[in-house]
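Structure first, commentary second.
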Amino acid sequence: MQLPILSILVFFPVLGAVLLALLDRKNHKLLKQVTLGLSLAEFLFSLPLWFRFNSQTAAMQFVERYDWLPQYGISYYVGIDGFSLLLIMLSTFLTPLCVLATWTDIQHRVKEFMICLLTLMAGMLGVFVALDLFLFYVFWEVMLIPMYLLIGIWGNPARRVYAAIKFFLFTMFGSVLMLVAILVLYFYAGKTTGTYTFDLLKLYGLNVPFNMQFWMFLAFGLAFAIKVPMFPFHTWLPDAHTEAPTVGSVILAAVLLKMGTYGFLRFNMPLFPQAALYFVPLFSILAVIGIVYGALVSMVQKDLKRLVAFSSVSHLGFVMLGLFTFNMPGVQGGIIQMINHGLSTGALFLIVGMIYERRHTRMIADFGGLSTPMPIYAAIFMIVTLSSIGLPGLNGFVGEFLILLGAFKTNPIYATIAATGVIFAACYMLWMFQRVMFGEVTNEKNKDLQDLSCREIAIFVPLLLFIVWIGVYPSTFLEKTKASTENFVALMEKAKATKVSLLHGDKGEAR
Amino acid sequence: MQIIFFILAGVALVSGGLVVFQRHPLRSALWLIVNFFAVAGIYLLAHAEFIAAIQVIVYAGAIMVLFLFVIMLLNLREPEAEARFMHLGQKVGGIILAGFTVLLLIYGVLQVVLPPGKAAPPGLGNTESIARLLFTDYLLPFEVTSVLLLVAIVGAVVLAKSKLK
Amino acid sequence: MTLTIPSFSLASIGPWITLSLFAIAILLADALSPKGNRTAAPALALAGLAVAGFQTYSLWGKPGLDFARMVYVDNFSLFFYMVFILGTALTVLISLQYLKDYGKNLAEYYALLLFATVGMMIMAASAHLIMIFLGLEVMSIAVYVLAGLFREDARSNEAALKYLILGGFASAFLLFGMAMLYGAAGGTLFLSDLPARLAGDNLLKPLTLLAIALLLVGFGFKVASVPFHMWTPDVYEGAPTSVTAFMAVGVKTAAFAAFARVFFLAFPSLMPDWTIVLWVLAVATMTLGNIVAIAQTNIKRMLAYSSIAHAGYLLVALVAANQLGAVSLMYYLLAYTLMNLGAFGVVILVGRKQDSYLSIYDYAGLGAQHPALAAAMALFMFALAGIPPTAGFVGKFYIFSAAVKAGYIWLAIIGVMNSVVSVYYYLRITVLMYMKPAEADLGAVSFPPAVTATLLVTAAGVLLIGIFPGFLYNLAMNSVKIFPGL
Amino acid sequence: MVVPVSYYLALSIALFALGVIGVLIRRNVLVILMCIEMMLNAVNLAFIGFADYFKAVDGQMFVFFVMTVAAAEVAVGLALIVAIFRNRATVYVDELNILKW
Amino acid sequence: MMDYVWLIPLFPFVGFLINGLVGKSLPKNVVGTIGSVAVGLSFLVTVCIFFQFLKLPPGARAVEKVVFTWIASGTFQAQAAFLIDPLSLIMLLIVSGVSTLIHIYSVSYMHEEEGFYRFFTYLNLFVCMMLILVSANNFLLMFVGWEGVGLCSYLLIGYYYEKQSASDAGKKAFVVNRIGDFGFLLGIFLIFWTFGSINFREVFALAAKYPVGAGIITAITLCLFLGATGKSAQLPLYTWLPDAMEGPTPVSALIHAATMVTAGVYMVARCSALYSLAPISLTVVATVGALTAIFAATIGMAQFDIKRVLAYSTVSQLGYMFLACGVGAYVSGIFHLMTHAFFKALLFLGSGSVMHGLSGELDMRKMGDLKKHMPITYWTFLLATLAIAGIFPFAGFFSKDEILLHSLVDGKAIYWGIATAAAFITAFYMFRAVFMTFHGESRVDHHVAHHIHESPPLMTVPLMILAGLSVVGGFVGIPLIEGANVFRDFLAPAITPVAFRAAAHPTATFELGMMLFSMTVAGLGIYTAYKMYILFPDLPTQITEKFRTIYDLVYHKYYVDEVYDTVVVEPIKEGSNLLWTVVDAKGVDGVVNGSAGIIAYLSAHLRKLETGFVQNYAFAILLGVVVITGYLIGR
């Protein structure tokens, strides 16, 4: 009986939150230190996952399972494979940095903030480890609340409420349809196999009639596509990102968005493979549109955060494109790209946040020539920028290359159009960088900005480390996902072969 | 026998109509009493002597007296004034809708064809048979009514008691 | 001549008797006790409820009919007894200080609460339509009075009168329905006899349908379903807040209990007919309730519309008309009782003295001023919105899964869409509490222990049964076995 | 010769409808209450009719209880009306609409 | 020694790290030394490897050294591995060698800069990347270097980031290069999905099985060539190079003359195995090359900024190289690449030294008669000019002459015609530059005039070394005499000659004639320049007056930049703005907010149903009754 690492990971933050609740709300320093300690501890807890993870098998590992609502086939069932592993590590790795980033940024309601942060973390990890549809849905929804509060309470006063509510409703809107789909699936499984269960792995097996797959894929897909966000469902993102506090944006970009892509990988595609294959064109096109559209729109943004937000739309487009190739390079690239986006965009938001902290503006026009007063900042900013435009040798390239490579196999046209995104990326990022960092220092206020403090540098060092690591030696990470990806690809291949009945599932869809 | 029914029915309907369309509350009340009497008569036809009796005593007697009492108390002499902001639409629509209801119910009822009932056994619905039932099968409801009335009393007191301690 | 009274055991209606006796005791104690001293009443009320609760517990698991087949003693009714007792007890707790502030801490109030509870129990347990009617009236009359309790307050009067007139009007229809049913069933009104009498295509089908239609109207009125809902906002707004809470949870629950009992037990053969009607009612109810709630600025009125919306969800459970549906109905009503009473508890506290602050904008800045209170309110709001890990979520989950199981996919979809709409106005409260500064200083909120206790209990309950719903599921599941038609 | 049950029903329906109309169009609360009484009365008639038809007494039982309820309702209703009249000096329902929207 | 090939890029990388991390706090000399030494070391290693390599039999002259597997996914394998063969060795030598000289030069040239350490950091990184580029054994690693050098050129062009024009130029360079890289990337995809590998030798081996003119090969080669045009500033993507002169002069010398811009040529030569199978692609390459050569040359005639003159000449010389490759004379291309590296680097450094002397003056109209002030600069510059003009026996002569020859015998007369014309123009404008700068009477601003001075030895020594190379550099490829063209023989194993047409074997006399002819052409060019800028200094103005329109056209570089701006850049910006303000804000978000608005509207109006009149409520109930009963009964 090994100790239940996953449960510890999920519930330790909750306990931490409770602990915080008991502390004195006046003593900000203490609160922050405690939270930092907790998040570091969390990170330490997550390390065994990394080292004891067996990358030879695609089977679920560190599995724990307890009955929860057995009458209903609901159990507390958690476990991870290559896909979840990376995302979990990413979350646990980023949280301490986020806490560090709040040091001077968050000054009021620190206690509530930290509690939100920890609960949010619990929710995210829960989503990544859940192997029971019900459990997954619970975490999926739970995590909305702290994020909503983060945006709404500590966001910047102008439009935070609008952004928060938009975020909440938009996401909710998608997920409730998923709930219905989950139920339909559950009862279908019950009818056909006789065992009513929300156990994901059991549900993988059953081959659902196509017309059911069709609708359920759309239902699940909507939920995840909104989260990703894919092209027409993206408009909550710029608002949420722009209004959220720095840390909020970081977590939102780094982890929350990944839940969408992860959802596709873990639920949508394996559950409804034929539908997934059927929808490849639609989703690939949306992804490609997202890539180009996001890039073009971010080119003309005047607000740094908005620009980065739209760039996320573009990057996530790449991920989706990769996932929908259903071949090794594409999918693995997609996963790596999730991590990359987490690191690079996370870092970008931190960078923007730090300058915002100094100048209380995010308007590109207010800056210019910052390289002179803050060279270190400039250097870090440059590296991150480069990683986000996919310069070889940095992380961004590995992901984008593999994705495009995979996509090129399935459909050269999409891949080609998507590849133009690489050009546009260079355009908007470098242009932004130029307008912010280069040129004369025009604005008096920027003359004597002081450069990054040691704390701030300390935040970036680990990020940069990984940015380079993934860029130079991605095998470390590709290895972990290899088995799972192979398994996934094989599954999709099998789906291509098997013919599903088109009979109307006898569940009175029309009623 | 049917003739009597028709007469009584006629009386009931006319008086009922007058209750509704009389402008003066007092008159309405009086017409309602008439209506109750007529209905009581019909009860007799239907072998419900006991019920008919209570109808007269409780309804026409007690309840209506209560009404009259209140009307006097609030001395509502003058007839009901025309509505200040009571819309005609409500009236017309109401009547039309009620008409619809009647039609529907009638239609529904007419769809069923009931064979003519058999002759009444002696002593149906007389006090004894009622009492017999009331204290055996309907014992519990009977007890419940006591609670009901108690509630009503308490309630009436709470609401209308001259001033609270 | 002899009169053979059928054998019966008072135990089977023990809770009713207890509550009635305690109610009377309260009245007597009040009459006898020196003026101005009213601490006895609430204590007695709670005691009575406790006893009743114990009796209910001891009755558990003894299915059967008693009093010449007039009353069911089965887990279905007992489950609801428990819900009623809980609801009433909490209502008593939140009333105390509130009524004191109004100088209305009358013994009669508590007596009537208990009587109303008896009425509810009767509704839940009755095996004969007459019992349902009587129970309904006992409950209603008590509540009419309670609603009008503040007789110097025009709003309270108005609420009471509107409720009374419409209540009478509606129960007339209900009665007429029963009459038709009496005719259709060939002279019996025992629920257990009805299925046999109504089964098959007897000549009286039209009468039965008439009856069903009119019964739907009668119950629809009590559960506040569109288009019979219109009294709800006015009455909820006008009535004393504690009474509003009581109405929102107690009356609704009782009505649903009877509703389910009658339709599941008596009309299984005509399911196709009434489910369709209920389908439409459910959709209309939740949609209208949720949409209109958005525009409300008075918290009580908003909660009124929200309760309409919830009636809509509960109707979905009826439409599903399967065991799961019945289970979800029971679970949801319990959950609803907890979260709604909690919410009203907060409303009472925030209202300060004499409901001074009922506008939702008075909640601005509460998060900073009273974090705990705000947190509680937020919890109840999220619960009402149906967000995990609260009871509200599990309830919705049960209800919609029942609908899906019965094949009403679209109903489920409409339902979940509605819950998204509802999220908006529930969130708005949290927005005000946490994200908006207080406009004016409304003075500090005082925390009477009773109300605080209520909030703790409800909050804990909402979370507890939200996270561990298994136990209740089992309870409910083995209580709904009594419906052979499902 | 007996009166067919449908006659009773027809009459009760008619009376019921009259009551409904009254509730809908009269302004005076007292009259409205009376009309509700009339509706209940009509229901009773229906019960009696059926009871007579089935030669079963429990129909009459029902009537008995309905009367009780009616009495109770009236008692409370009138009390309420008095209370309202004390505050608002009106018995016209259409003037009681503080609560709306 | 060859096992240590990875040291070659490593040294500069280490230099980059040191300078980048702590350079700020180090004294300038140290920084400079670190940078130069790092590069120098890798040059040494290269030399050692070179000599070791010569020992190998020509058959075995291709060694692969795998360092580690970089990316592996499914069947896809990309290694960090080096390929040492004649081609890469030549390039390694050129790159590391020239870089070393330029580093040394820069130590003194940049000495006044306060961003000194930044400069050397970038420069070292550049060298590292360039070395990776030329020594990679697979397309992806090559691409790494490819983009890496692009980055460094971006950084170095924008070295004076406070200058708007500089940072603009940098951005332009990067973006335009990206367009090329886009092609390169597609090329890689095609290659992988066609051959299942991206390793040069495996790919080329497999490619051999394809028929000449196979569509896929053509596609691949064209994609790759798009990359080349971007990197090597060919039509239509050349526009970034002239602007790149915003960077410090050593940068122009190293990146934008000697090394990076020639990467395209190297890549084409490297893929000779593929190109030789794709006649169409070859034609494209040749045509683009030829056109670029003449096009850039003409622009060069009308420029007054000395560095821009050199820039355009670079473009046009690159054109030559591509022309060579296009006609299948890869070796000649590489040959010219090498010689060009020498003399063009020299020219730039010379111009740098001139600027240094004139405290940053670039406009040739403000120079003149500098030869007595800065003799070394003058003489070295002159030698380089003679070399580029193609005068015997300077390096340029041999390489250029080969190209001309091959363009005639292996290509078409038209190529030869263009090339010759370009040669003439080149000779003309180069000497125009010389005369305007060093001869005639001084037009220098007097306040600058009094402290014109020769550059310090640290700068002049590299000049002289390079001068030497540009003089003798050509002798490695002596034509006519059998076996004297060691260069060709050395490269032979690495090059796959064009197979689809018999290699032409021109007679010795014909070759000789060609040489003489091209010499005369060059001479004519020089003479024209002499006539216009020494004998009759006012002739140019008259001519410009006469052909005002043409002159303007040329002077404004045929308005290409303007056209690009109006046709490509602006529309994209406008379109994006539209996307954002209309499609996104109004369209997509409009739907979202709109639906919310609809609900709010409904809410605001439905609440009005709640009139407060109890009888309305009763009415509603009755309505319900009628509808429900109606439905149930009426059915």
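To keep things simple, chains are lettered A, B, C, D and E as they appear, and every chain counts its residues starting from 1.
Assume a contact is a pair of C-beta atoms (placed from the backbone, for glycine too) under 8 Å apart; a residue touches a chain by one contact, two chains touch by 3 or more.
No experiment lies behind these values; they were computed from the predicted model shown.
J.: Which two chains meet at the most C-beta pairs?
T.: Chain pair with the maximum contact count: B-D.
J.: Return the chain label for which the distance between chain Cα mean and whole-protein Cα mean is smallest.
T.: A
J.: Just how far, in Å, is the C-alpha centre of subunit C from the one of subunit B?
T.: About 30 Å separates the centre of subunit B from that of subunit C.
J.: Centre to centre, by mean C-alpha position, how many angstrom separate subunit A and subunit E?
T.: That pair's centroid distance is 38 Å.
J.: Subunit C to subunit D: how many Å between their CA centres?
T.: Between these chains, centre-to-centre, one finds 26 Å.
J.: From the C-alpha centre of subunit D to that of subunit E, how far is it in Å?
T.: 98
J.: Going by the contact rule already set, what residues in subunit C reach two or more other chains?
T.: 130, 134, 137, 141, 144-145, 148, 151, 160-162, 165, 169, 180, 206, 209-210, 233-234, 424
J.: Multi-chain contacts only, two chains or more: what residues does subunit B have there?
T.: Expected reply: 86, 90, 94, 97-98, 101, 105, 108-109, 111, 114, 137-138, 141, 145, 148, 151-152, 155, 157, 159.
J.: By the touch rule stated above, which residues of subunit D touch at least two different other chains?
T.: As it turns out, subunit D has residues touching two or more other chains at 5, 9, 16, 19-20, 23-25, 33, 51, 53-54, 58, 61, 65, 69, 72-73, 76, 80-81, 83, 93-94, 96-100.
J.: Among the chains present, which pairs are found to touch?
T.: Contact pairs between chains: A-C, A-E, B-C, B-D, B-E, C-D, C-E, D-E.
J.: Along subunit D, where are the residues that touch subunit B in the complex?
T.: 1-11, 13-22, 24-28, 30-31, 33-35, 37-38, 41, 44-45, 48-49, 51-55, 57-58, 60-61, 63-65, 67-76, 78-83, 85, 91-92, 94-95
J.: With touch defined as at the start, can you tell me which subunit E residues reach subunit C in the complex?
T.: Those residues of subunit E that touch subunit C are 599-600, 602-604, 606-607, 609-610, 612, 614, 616-618, 620-621, 623-625, 628-629, 631-633.
J.: In the complex formed with subunit C, which residues of subunit A make contact?
T.: 68-72, 109, 112, 134, 137-138, 141-142, 144-145, 148-149, 152-153, 160-161, 164-165, 168-169, 172-173, 176-177, 179-180, 183-184, 186-187, 507-511
J.: Which of the residues in subunit D end up touching subunit E in this complex?
T.: The touching residues are 20, 23-25, 93-94, 96-101.
J.: Could you please specify the touching residues of subunit C with respect to subunit A in the complex?
T.: Going through subunit C, the ones touching subunit A are 367-368, 371, 382, 387-389, 393, 397, 400-401, 404-405, 407-413, 416-417, 419-420, 423-424, 427, 430-431, 434-436, 469-470, 473-474, 477.
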